[in-house]
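By letter and in written order, the chains are A, B, C, D, E, F and G; residue numbering begins at 1 in each of them.
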Amino acid sequence: MIKPLLDRVVLKMVESEETTKSGIILAANSKEKPQVAVVVAVGPGGNIEGKEVVMQVKENDKVVFAKYAGTEIKLDGEEYIIVKQSDILGVIE
Amino acid sequence: MIKPLLDRVVLKMVESEETTKSGIILAANSKEKPQVAVVVAVGPGGNIEGKEVVMQVKENDKVVFAKYAGTEIKLDGEEYIIVKQSDILGVIE
Amino acid sequence: MIKPLLDRVVLKMVESEETTKSGIILAANSKEKPQVAVVVAVGPGGNIEGKEVVMQVKENDKVVFAKYAGTEIKLDGEEYIIVKQSDILGVIE
Amino acid sequence: MIKPLLDRVVLKMVESEETTKSGIILAANSKEKPQVAVVVAVGPGGNIEGKEVVMQVKENDKVVFAKYAGTEIKLDGEEYIIVKQSDILGVIE
Amino acid sequence: MIKPLLDRVVLKMVESEETTKSGIILAANSKEKPQVAVVVAVGPGGNIEGKEVVMQVKENDKVVFAKYAGTEIKLDGEEYIIVKQSDILGVIE
Amino acid sequence: MIKPLLDRVVLKMVESEETTKSGIILAANSKEKPQVAVVVAVGPGGNIEGKEVVMQVKENDKVVFAKYAGTEIKLDGEEYIIVKQSDILGVIE
Amino acid sequence: MIKPLLDRVVLKMVESEETTKSGIILAANSKEKPQVAVVVAVGPGGNIEGKEVVMQVKENDKVVFAKYAGTEIKLDGEEYIIVKQSDILGVIE
């Protein structure tokens, strides 16, 4: 389990199949990296380099995030992406 | 439905035909991406990295936005662009 | 009509002929984009990302603005340029 | 007449002849743009993007300014350069 | 022993074998630099260029950090990487 | 005479001969621009873009300054370099 | 003797031999510039462009510093490097 620092958020990629079922497909060509993921862990936010950051996403939120943002890691066979909250564009409801 | 975070705004592209009816055409050559869209969802604004951002657009506003700004996604067959409010140049009235 | 957001200003290009009559010609070679325009709409200014911006130009001001600044759009056959006030260098009186 | 906005300053290039008489020549090779000019108009300064700027040059000051700084325009046959005060390095006395 | 300054953190690379046992493998191809390390020393944080930085990692934390971040040094045969705390993405628990 | 604005400092290059006498030679190859100079004029400092700058060098200080910093000008046959105080690394005593 | 300004620190390179004795060798290939040095002079710190900087190294500290940081100069046959304190990563104890 990864506990993100500061304003970081750990995301788990949504499988392509799951993406299709929910009707969400990226507009760009299908070879590009999908940008929809589920939040699995949220950093504490707080005072980050002198600026107050309030975390606005929570576990299990399905989110859209900025292409090329974040760092990918694998843990126990699962792929995760760690992004800053500011790289998250919106929550899908 | 996408609920934008922070100062993000979800835009739906205005169809080319609709653009023409309203008399709005981009000055640049016609192969460039149109920059007129309708606001479909507005983030909460508020304190963003220590700066107070007040949202000044609202749903259904027809807006002009900066070329190359934002991230495109498709949801249930519709194309959207998510931009920061600061990428919106003006509202067409 | 475009209502600019924040510190944006909508400019209408001054026709070349009009530019010549008023004696204003750009120093650079004549193929470059002219940089003199008339203000047609002014954003509200105010608190923009935590900084207070007071608008100092008004409708009908003839202004000089920074080359390459702004975004061009066409509305009802007229060409406009939307710039930030900080891209406006001075007012011609 | 150009009335500069904010912390802008309008400069009129000093003729090469005049430059020579006053003994001022740029160290770089003579094909480079001269960097000595006379102040013809000074912006109001004041609060600029949240920072207080006090104007420290005045009309008729002969100043040295940073190479490549500013925007050149011609007005009624005279060449001017509009720079930010921070591009002015010093006043020649 | 290296005592890091400011918001710096000294990391000791986790051996590949150890990485595998704990089930952590980077998603990217195996030739890339591993990004998992153990914290061996933590700077004092405090007021850093006018911003208050609170250190949130401690000795023996196993952390994920941003690729390409930090400076590698060898001390008494051990390899270390010195990063800023802001280059640490999360703690593995 | 040049009166520097803000946090600018006017430097007069130390002649190579003089440099050698005082035992100061740049480590880099001898074709590089020497970086030792004498202060001939100091700007007033004060509030510069919202930040208080206190001038810490004075006339006749012999200083080391950052390579490539500053603008060179010639006045009455003497070569000067105008730098920001922050480009001055130290005073030689 | 060089008295550094502001948050600058004067470093004297540690000889390769000395480096080896203390067991410190850079991880990168041996042709790269060593990054271990001894502090010979420390600037006063204080308010630097509106930010309070407290100096945390002292004379005779052996420090690790960021590759490519600083400016090299020779004084009386000795080589020095002048860096900002923020380029110093840690103190070796």
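Everything that follows uses one rule, which is that contacts are C-beta pairs under 8 Å (C-beta built on N, C-alpha and C of every residue); 3 or more make two chains touch, one makes a residue touch a chain.
All values derive from a computational prediction rather than experimental measurement.
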| item | value |
| --- | --- |
| Between chain A and chain B, centroid-to-centroid distance (C-alpha), Å | 22 |
| Distance from the mean Cα position of chain G to that of chain B, given in whole angstrom | 50 |
| Centroid distance [mean C-alpha coordinates] between chain F and chain C, Å | 40 |
| Residues of chain G whose C-beta touches two or more other chains | 50 |
| Topology of the chain contact graph, where touching chains are joined (line, ring, star, complete, other) | ring |
| Direction chain D, origin chain C - full chain order round the ring | C, D, F, G, E, A, B |
| Residues of chain F touching chain D in the complex | 1-6, 8, 10, 41, 43-44, 47, 49-50, 71-77, 79, 82 |
| Chain E residues touching chain A - in the complex, by the definition given at the top | 23-28, 35-36, 50-54, 56-57, 64, 66-67, 85-86, 88-93 |
